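Written out below as C-alpha cells is the structure these notes cover.
Each chain carries a letter (A, B, C, D, E and F) given by its place in the written order, and its residues are counted from 1.
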C-alpha cells in the first residue's frame, strides 16, 4: 500500500525526518510517499500558521492521485476535517494518532509540545476527540519548532524536564511528544523514563496501515460528505495555481 | 467607531444583506464597513469550504487598516482564532455571538441551520465555547445557503417547521438562526413563535460595539499571541497577491 | 435608554462606585439608574448572604418602573434567574458578564475574588454558564468585601499576587475580577500585567446596551415564564412593606 | 433523634402530607418535627417562588433550636446551601435525596415533576450534584403543585403516562417523583410499573437518620463556613419580625 | 434487620475491623453479619486484584440467604454492579457510600487512599457516579493495604500529611478515607483537622439501613436485570465448589 | 507476530467465528491464536456474566506464553484493565477498538448491540474512553448473543432496523456492531447502508498489529503496574486449577 505523509509546513528537512521515521515502522509492502506543502508557513506554531497551512496541504493531497491513506504530519492535526472531505481514503492526524495509541497503553498521559502559544489549539483537539480526561496536561517546553531541527540535545534536555514534572505532578503513565520534529527523540526518552514515550508520526503511519488492511474508508455521510466537484475545482484554481 | 463585517464567502449579495442588518442595529456613531472575501468559496457548507475560506478572509481583514472591531459573518465562525492572532482589536464570530446572546435570554436554546453537513462543525464550536448544554440541539432545515438568497418564503417555512420541533422536543426557550443568510427572517419568526429568535450578524455587531466601548482588546498572551511579522508578510504574499 | 444597576447589598458606597464605573462606559444616550437594596446584608460573602439579599433586590427592581435593562451588581449573580422571571427586560449579572466578555478575548481566564467562602458559589455559576473549562481557576485573595472600600492599595497588592499565580500556574490569558468592589482596579492591573483584566460592572452595562439595541427581551417560555401576578403582589407585600 | 422537616412553601396541607410520609419511614426513636414556613409563596413553581421562599424557610429553621438534622421538603432543594451555612447539623433537600437514593438502586433514572417552568432549576441542581448523566431526563406532567392536593387520581394518571414514556424513551430503570406533593403516590406507581418509584421526602428523612447515626456534621470550612453571628442577627430582624 | 458486610479480600483481620466499625454505627435492631471472601486476593490493590476478588465475593453473598442489604467493604467497590444483579436487596459499596455522604456535607472533598496503582480505578468510579467534580483529587499515601493492619501510627501520620495538602491545594472541605483498613482513623483525623473525615464502611452500613427502612430494592430492569437462574447455578459451581 | 484472540465466554463456535474474521484481516506474517476461556459463562450479557468471565479469561492469557499482543473478543471489554496488569504486551478490547476506529472515520457513530441489559456497561466504557460524545447512542436489537450463532438472517434484519433509526434519529455517520457474534454481518450491512459498519474483532486485530509494529508495550507505571508475582501465582492456583 502507499501512505501519503504530508508535511503541512514548507520545511523539507522536517518532511525528511518524518519520512525516515515513517519508513522505520512501515511494513515491508508499504510505500511511504512523503510530500512537503508547496505554499504556507515554514513552521506551524499556533492558530494563524495552522489556518494558513491548510490550502497548501489540501493541494498537496489533491496533486497525489495514487495513495491508500494520508497522514497529516503536524501535531495540531492541521486541516484534518477538511482533508476527510476531499478523499474517502483514511486520513489520520499525528496528534490524534499519538493520543489514541497512548490511550490504549495507559490510564492517563501528558503531552509535551513546543511553545505555549500552541497549547490552546491542542486542548481544543483533545476536547473534540474526547481525550480531555485521559490527557492530564499539555505542557510546553518552550522550544521553537525549527530549533528542534538544529539543536536536538538541548531539546531532549528541556523535554526531559517536562516529562519529569508530568510524572510527578500529573501522574502521567505515558507521554505523547507534541511535535512532528520530536520524532527522533521518542525511543531515547522512553528508555530514560521507563514509560511509553510516543511520537505521533509513527503512530499515525501504523494506524493508517490498520485502516487500509481493514478496507475502511471515511464516511461520506454528514460532516465529511464530499463537496461538489465544481467547488473543489474552482477553489483549487484560486489557491493552487 | 468602525466595525468591519467580513463575509468569508465570495457572494456579494450575502455581504449586502449582512450589511443592511448590521446597520439596522448599529449605533448612530458606528460605521459598518462590509467587505466580501476576494477569493474562496461562494458559500460555506462544511469543513472544506470553511478551511478554504480562511486565507481570503484574513487578507480581507489585513487589507483594511482602520477599524475598531471585526465581525466574521459566517455562522461556523470561520477562522475566528486565526483572526484574533493578527489584530488585537476585538473579533467576534456570528455563531459565537448568537449563542452568547441566547444564553443571556434563555435557559436553553436550539439552533436551526442550513445543511446536515454543517452540523458537526457547529457542534465542535459549541463544545469549544462551553455551550453544549445550553444549546439542546443543532437542527438542519436542509436549505442550501444560496437558496436562502433566492427563495425566502420556502426557507421561512422550512425553518418554521424546525422551530416547532425545537419547542416541542428540545424544550428550547429561544432559537438561534444558523446562517448569515437568514438574517432577515429573525424578527418575523420571533413574532410568529413568541420566543426570541436570534440572528448572529446583529448580535455580533452589537457585542463588538460593547467591547469597543469597554476599550477591550484581545489578549496577546498564549494562544492569541501575534505571529512574527515576517511570517505574516510572507504568507500574505503567498496567498493574496 | 435607562439601565438599572442594582446593588443587592445595602452598602451605598459600593453602589456609588459601581455607578461611576457604569457611567464611564455607558453611551451618551444611556442613563444609569443606580439603586441600593433597601434590606438585606451589607455585603455578600457566600450562600447565606446571597439568599438573604434576593427579596430586597427583587423589590428594588420592582419599585423602579421605567428601565430598559437591569444589571445585578454582585459577582455571584445574586437572584439572576428570579429577576428574569419578573421582567422581560434583559437582566445581566456582573459575574456572567465578566465571564462572557473574557471568553471573547482569550482562550482561558482565571477569576480573582474576595474570600474562599465565596468560591463554591462562583464555581456553580461557571458550571451553569458552561464556563468551567474556559475559566481555569477561581482564586481568592482573602480580602473581605468591605475592606475593598477602605484600603484599595493593600487590595491591589493582594490581587496582583494572585494574578501572578494565575499567569504562571493557570496559563490564564485574561483575568476577571470577582467582586463589584474591585471595579476601580481593573485598568491599573490590566496595564501592570499586559493582559485584559475585566471588571464585571462595566462589562454588564455594556452588554445590556447591546441587548437593548438589539431589541431583545428575556424569553417568556420555560424556566423564565412570569409567575402569576397575584403571587408577585402577595410576596411583595410580605417582604417589602 | 429529632428531624426537622421544613416545608418552604406556606401551604400547611402539604406539610401535613410530608409529615405523615416522614413518620411512616422514621425509626421508632425518631421524632419528626414538621414546620411550615411562615412567610413566602403558597407553592414553589420556578425560580421566583424559590428565591422568595428562602428567608422564610431559614427563619423556620432558626426558630427551632432543638433538632438533629433538617429536611428541606421542596423538590428544587430551595435554599439548601444557605441552610447549611446556618447550622452544622446535616441538611438534606428532598430532590438531592431522591436522586442519590435512585443512583444506588439503578444505572439510570428519570424525574417526573409538575410544571415545565420548574425543569431548568432541577436541571441546574442535577448538574451541581453530578447527576446529569444518571438522570436521563426531567419530565413535566403539567400538574400544578396545588392540584396535587385536590385531585390525586388525575395526577396519578398523568404521572403514569410520563413514567411509561420514561421507560420506553429514556430507558429509565427507576423514577424519582419531582414534587413533595406526590409523596403518597410513590408506592402505588412503583407496584404498577415494577420499578423503584421514589419520593424525596421519605428518602431525605431516612438519609438524615443515617447522617445523625454517623454523628456527621456539615463542614465548617469553605463554602459552608458560618456567617458572622451579627450578620445573622441583623438579617433575621429584617425579614423575620 | 441483617446487613451483610462482605470483605472481598481474604484477610480476616480486616473483616473484623470493618465489623467492629459497622456495629458501632448500626442501630440497636440491626445485626451485622460480616463475612470474609473464601477465595481471592489477600488485599485489593489495583485492577487485577479487583477482578480476581469478584467471584469469591459473589459466592460469599450467595451463600448467605438471610439478609436485608449488602455492604461491599472494599473502597474500589469491587463487583458492585455484578452483586446488584444477583440480589434485589440493596447493595452499596464503601467507596460509593463515602463519596455520597461527603457530597451531602461539603461542596468539595478529596480522597486519601493507599497506593498510586489504585488511583485510576477510583477515578473511573468517581466518573461513573458523577462525583468527578465534587471530588477534587484522589491522593495516595503510599501505604500498602496490609501495612494499615500492623502500623496504624505511621499510617495516620502519612494520611495526615496528605490531608494537609488536600486542604491547601485542593480546597477540600471534607476528606474520604480510601480504604476499608483506615476505618479506625476517621474520628481522630476529623478532630485533628476540624473537617469531616469519612470512612466508607460506616457510611455504607448506615445508608443500607436507610434503604431497608425505605423498603427499597434494586431495580430489576435494564443493567441490573437478574441473569437466568441456570447461568448462576452453573457459574457458582465452576468457581465456588 | 502472534496475536492472541481470547474469547472470554466458553462458546467455542464464537471463538471460531472470531478467528476466521481475525485471519481475514491479519497480515501474512501474523499468526492468530484463538483461545476459548475454559471456565466462565457461555455468553456475556451484562455485569454478572462479565465479572464471572474474568478469572477464566486471565487464565487463558496466562497459559499462553508466546504472543505479541492480546485481543479480548467480547464487546464489553471484559477484564481489559486486569489483563493489562498481567502482561506488558498490548491488550485491546474489541469494544474499545470498534469505537476508536469509528472515531477516525466519522464525526459521530452509534452502537447496535444485543440486549438492553448490556447497554449500561457499554455506556460506562464509553465514558471511560472519552467516547460518550462521539457515540450518540447505544441501541439494543434485542437479539440474545447465542441466537446470533443460529439465526443470522433474523439478526441481520433486526440490526438493520436499528441502523435505520441510528441514521435518522442519531445522525450517526458510522455504526459499530456491539457483539463479537456479529462479526460476519459488518460488510453486508456496510454495503446496504453506504456507511462504515464496523466489527470490533477485526478492528482490534489490526490495531494490535499496529502496536506491535510500533514496538509498544503497556505502561508499567500507575494503574497498570504489575501485581507481585506471588499474588499472581496464588490467585492462579485458586481459580484455575
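Convention: contacts are C-beta pairs under 8 Å (C-beta built on N, C-alpha and C of every residue); 3 or more make two chains touch, one makes a residue touch a chain.
Labels paired with UniProt names: A, B, C, D, E, F = Hydantoin racemase.
Computed from a predicted structure; not experimentally measured.
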Most distant chain from subunit E by Cα centroid: B
Chain pair, C-E or E-F, that carries the greater number of C-beta contacts: E-F
Centroid distance [mean C-alpha coordinates] between subunit F and subunit D, Å: 43
Between subunit C and subunit B, distance of the C-alpha-averaged centres to the nearest whole Å: 27
Sites on subunit D at which at least two other chains make contact: 107-108, 116, 119-120, 127, 133, 171, 222-224
Category of the chain touch graph - line, ring, star, complete, other: other
Chain pairs in mutual contact under the definition given at the outset: A-B, A-C, A-E, A-F, B-C, B-D, B-F, C-D, C-E, D-E, D-F, E-F
Footprint of subunit C on subunit D - complex, ascending: 39-42, 45-52, 54-55, 58, 79, 81-82, 84-86, 116-121, 124, 127-128, 222-225, 227, 231-232, 234-235, 238-239
Subunit E residues within the subunit C interface of the complex: 107-108, 133, 171
Interfacial residue positions of subunit F with respect to subunit A in the complex: 25, 27, 90, 92, 96, 100-101, 103-108, 129-134, 167, 171, 173-174, 194-196, 198, 202-203, 206-207, 209-211, 213-214, 216-224
Touching residues on subunit C, where the partner in the complex is subunit E: 116, 119-120, 123, 127
